[in-house]
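Structures for review follow.
Next, two complexes with chain A in common: one pairs it with chain B, the other with chain C.
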Partner chain A sequence: MRDNTLKYLLVLPAVFVVFATAIWPLIESLRLSFTVGRLNRPGSLDQYLGWENFTWAFSQEPAFWNSVWVTAIYTVLTVALTTLFALGLAMLLAPGGKFRSGVQTLLILPFAMSPALIGVSFRFMFNPEFGLFDAFFGVMIPPLADVSWLADPVLAFAVCVMADVWGWIPFLTLVLIGGLASVPQDTIEAAQVDGASGWRVFKDVTLPQLAPVLAVVIILKSIFSLKTFDQIFMLTNGGPGTATQTLSHYIYFNGMKYGQIGYAASVAWLMVIPMIFLTYAYAKFVFRKD
Partner chain B sequence: MAEVSLKNLTKRWGDFIGVDNQSLEIHDREFLVLLGPSGCGKTTTMRMIAGLEDPTDGEIWIGDRMVNDDLPKDRDVAMVFQNYGLYPHMTIFDNIAYPLRVRGTPKSEIEPRVKKAAEQVELTEFLHRKPKALSGGQRQRVALARAIVRTPKVFLMDEPLSNLDAKLRVTMRAELKHLSRALKITTIYVTHDQIEAMTLADRVAVMKNGIIQQLGTPDEIYNDPANLFVAGFIGSPAMNLINGSVQDGHFVTTGGTKLVPVSAPDRPDVVLGVRADDMRVSEEGQGGIDVRIYAFENTGEATLLTVQWGKQRVIAKGDRHLRKDQDDMVSITLDPDHLYLFDPETGNRIKS
Partner chain C sequence: MTGKQKKQITSAIQTILILIAIFIMLVPILWIFMAAFKSHVDVYQLKLFFTPTFENFGLVFDAPYYLGDKLLNSTIIAFVTVLFAIPIATMAAYSFSRFRLRGETAMLVVILATQFVPAVVIILPFFVMFRDVGLLDTRLGLILVNLAIVMPFAIWMIKGFIDGIPMDTEEAAMVDGSSRIQVILNIVLPMAAPGLLTAGIFCFIIAWNEFLFALILTNKDAVTLPIGLALFKAEEGDLWNLLSAAGIIIMLPMFVLALIIRKYFVQGMTMGAVR
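Right, the complex of A and B next:
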């Protein structure tokens, strides 16, 4: 057998696996998004509907817009808070920072937990009867003593954000520590001797040199925040009402719970649009020529 | 303009002693070089003066102010780093202007001063570029310009030439010397390169293991070394150190050869130091001692003869027109006026 033929034969199984598990489902979901696609109605998976699923989402579904807003606010808040906390921690933990060594290992702990588990444990800790945080906040901030955290739309949203920020800080911190380590120490020392205060050294010298890494961190976290599902599913299940229903959760509900698989597929494809922008920006920063 | 004085300065990291209880007075407008092998504490000393490292003990005075508790920004020093420490995201103009900007210099003053500093280091045409578009020598000049754009009390230079190639280093060394004479600002310069130390310094402090071995002018360091370490460290090729004893007013090698009259009392163990320049090479039988050539090297400006002297090898410098070959015999004569005797135990110089 010629080498030329053999090399194609050897990659064939891998190509097949990728096609069966990624490409085909993608194509199939795209096809479904243009059908009536009701799981409880035989034949509807092949019933062509045109663009109606998409227009329906935009014009007839307040719940769709609600989840778009929830996702948007959730993304902005979690990205901003996680990045800020992670940057602060990274500054403290980076080489030359104030607390190194042992603390770094401890920091990784939240990252070792699956998001679903984070969801469950946060729900547990905000339980009005025996939740640790519920009791803690009740004592520290008396007006919050009698609130039922997960029953209040704003507070439930806040708990979701809190859980997400808590879970993602370690990863972002580690990436930023790496970024800070690559900022040449002598540029920082040069600025100190040149007469810059601590804040100005950070603003004029450290931050500009950290910018590419920071951009990657923000883009990555935006992608992660946009597709949040498991944590919300376990923590609030989108509730109370639809106060914490992200797009992913909305898609899941429509597809799996209501059986509107065609409609769910079309909303999922709508979500692809911001993802493409972010992925493009990410690729641009990661593979940038300098 | 200011004196710098270090009083019993010590830096320890755990059990490791970087700088060991050193005191040093650096005069106003003096160019002082801290010279020593890597790990000798010279850079640590400089970083403590800059405020980038906290001393474990002792005092640092700049002018009439003790600066131990001052941040680097408040010490009014300017520093040139080994890796230049340029801000990669700023243009050359902004790099040079940075010390002025952070110190609140009026905008109208910044441009003329940056231009003047750039002129002094011949960089005017590169002001709009970023550091990465410059060569190593040009980057070094930017670092210099950034230091001289202000008039600090003290210049600190941490091996500023060691990242340049050999040829450029010689050029930059001359420029640096010219500039420092023109500016007349107290300068502390760290290097492991003895030629830089010899050529640039008003005074040199030779350091080893956190201790200043000798402080003196380049002449004193070269011609009057205080101990074995300084004798061996300064000079290229290194000073020849020959083991032996003093008997009846003569130095006698361990092999038993009576070598040269010395003015020192008799003693069993002694090290004789003699520079390659202070040995005269002549044809076999026409001088002091006949020896066999182990290696003959022609450097162009001189010839270096490594000769076998009993069990030891010694390097002598010959005339640049001398031509010999390995295993040839030559005669070596020592200049009795330029010999140094050291105690092999303590390393200290034995002065007559």
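Right, the complex of A and C next:
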């Protein structure tokens, strides 16, 4: 067989799978978003409704706006905190740092943990009666003693952020260690010889060199933060009330619990839009080297 | 203060900070490990010292939980997902790596992008379709949707490995009269084998930990381990000792697998954006 034919035959199965498992559902979701789409009414999945699902979300659903805000604040906080802590930890472990390889091995562990399980373990640790963190914070910050963390809207949100940051710091740290390793050591040494302070070296030499890796990390983490579902579901299930209800959770509830699959699809598509921009930005970095 | 002293202090602070970081990282995991070996009495107390027991690991496999069924489901689903994904991904990755295809960049971008599509968007139409064709609560159904999440990783990862294999051996064999397919089977596959194994393990972990699809598509027969966690609830609340034992059963095999492929984790997750 000639290479010219073979090369297309080889990609055909993969293209088919990607089309069937990702492109088709995207298009079908878009179609569903313009229908009445009730799971318990058979014909309604083909019943055209126009833009009503979208206008309903924007004008009649405070819960939708709530989940938009929850997701936005959640994303900003988790991205910022995870990046900052990971950068700090990566700097500590960077070339010459102590225990580097041992810690790097340990860093893999939280990342291999299923997010659902992370949710469970944090719910456990913030249990008001026998939770470890609950006891810890109670001693460190007395006003927080005997507070039922997951029953308080703000604190429950804080616990969700903590669990997320805890789960993602290791991965981001590993990426940033890789990034730091590619910063030329002699440039740093030259700056140090010139008498630049540690902070100046970091700000003027390390940070600019690290910028592309940092950008990749921030984009990737933003994407995963926007999609957050598993942990929230296991940790607070969106509660108390809707205080920790992210967009994914809101879509799940409307589509699966209330059976409003058309409406859920329309909100899901609103979520796809920011993803397109983030993916575009990410693709630019992936293809940068070619 | 002399420069030497200053250096020593800095280094000490560094060590302390790293130790604190390790501690914070390990505490939730260790806490689960401890709880899994506590009796149902001890687990409701903040005890650090207790008489360890193995009874929880027996209980989770008994009635009414039957975690063994979920373990079997998770294993079969993750394994078959990988079994489908890796050969398909390898073929595509080879082609992307060695040839110029029309629309190649567009294809690669789309494959990359599918990884970022929220899982809730994908699952809504699949739920409707699976309901119509009777694939709800089946292993096959879950395997099919899992392909959606592992394929992009697999293709990008394997492409990275094949990119790193020099082409001269292949070219020499072609000059000697081997066909392209012989070259792929006899030269490229053996050389790429460690890479394929790495990608396979990576995809296995992803499929094993997958949550949302299983939550929506299964309710009894095809329930996987992460969904099985929801079983350990009684009227008086969560059964933390059993939850923890189940948690260990879920995470321990993944820890082992993750350690095997730890060098490639970053490359895999970032799909080559960071090497």
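FYI, the second predicted complex is superposed on the first by the 268 of 290 C-alpha atoms of A that agree within 3 Å, B and C clash if a C-alpha of one lies under 4 Å from a C-alpha of the other, contacts with A are read in each partner's own complex, and residues count from 1 in each chain.
Here, a residue touches a chain if its C-beta (ideal position, glycine included) is under 8 Å from a C-beta of that chain, and two chains touch if they have at least 3 such contacts.
Just so it is clear, the structure is predicted and the values come from calculations on it, not from any experiment.
Examine A:18 and indicate which partner it touches, taking first as chain B and second as chain C; both and neither are also allowed.
Second partner only, chain C.
For A:114 in the superposed arrangement: first (chain B), second (chain C), both or neither?
Only chain C is touched by A:114; chain B is not.
Quick check on the superposed pair: does A:184 touch chain B, chain C, both, or neither? Answer first, second, both or neither.
Once the two structures are laid over each other on A, A:184 reaches chain B alone.
Quick one: classify A:204 as touching chain B (first), chain C (second), both or neither.
first
A:26 in the overlay: touching chain B, chain C, both, or neither? Say first, second, both or neither.
second
Taking the superposition as given, does A:278 touch the first partner, chain B, the second, chain C, both, or neither?
Once the two structures are laid over each other on A, A:278 reaches chain C alone.
I want to verify the contact counts: of chain B and chain C, which reaches more residues of chain A?
C
Given the touch rule stated above, what does A:192 touch, chain B (first), chain C (second), both, or neither?
Touch status of A:192: first partner only.
Between chain B (first) and chain C (second), which does A:255 come into contact with in this model arrangement: first, second, both, or neither?
In the superposition, A:255 touches chain C alone.
Could you tell me which stretches of chain A are touched by chain B in one complex and by chain C in the other?
none
Can you check the complex and tell me which residues of chain A touch chain B?
It is residues 184, 186-187, 189-197, 200, 204-205, 208-209 of chain A that touch chain B.
How about chain B: which of its residues touch chain A in the complex?
For this pair, the touching residues of chain B are 50-52, 71-73, 75, 77-79, 81-89, 98-99, 102-103, 146, 156.
Contact residues on chain C for chain A in the complex?
Going by the criterion above, the answer is residues 11, 14-15, 17-18, 21-22, 24-29, 31-32, 35, 43-46, 84, 88-89, 91-92, 94-96, 98-99, 101, 105, 107-114, 116-128, 144-145, 147-148, 151-152, 155, 179-181, 205, 208-209, 211-212, 215-216, 226, 229, 238, 240, 243-244, 247, 250-251, 254-255, 257-259, 262, 265-266, 269-275.
Which positions of chain A touch chain C when the two form their complex?
1, 3, 6-8, 10-11, 13-15, 17-18, 21-26, 28-29, 32, 39, 45, 89, 92-93, 97-99, 103-118, 120-125, 127, 129-130, 132, 135, 166, 169-171, 174-175, 178-179, 213, 216-217, 220, 223, 226-227, 229-230, 233-234, 248, 251-252, 255-256, 261, 264-265, 268-269, 271-272, 275-276, 278-279, 282-283, 285-287
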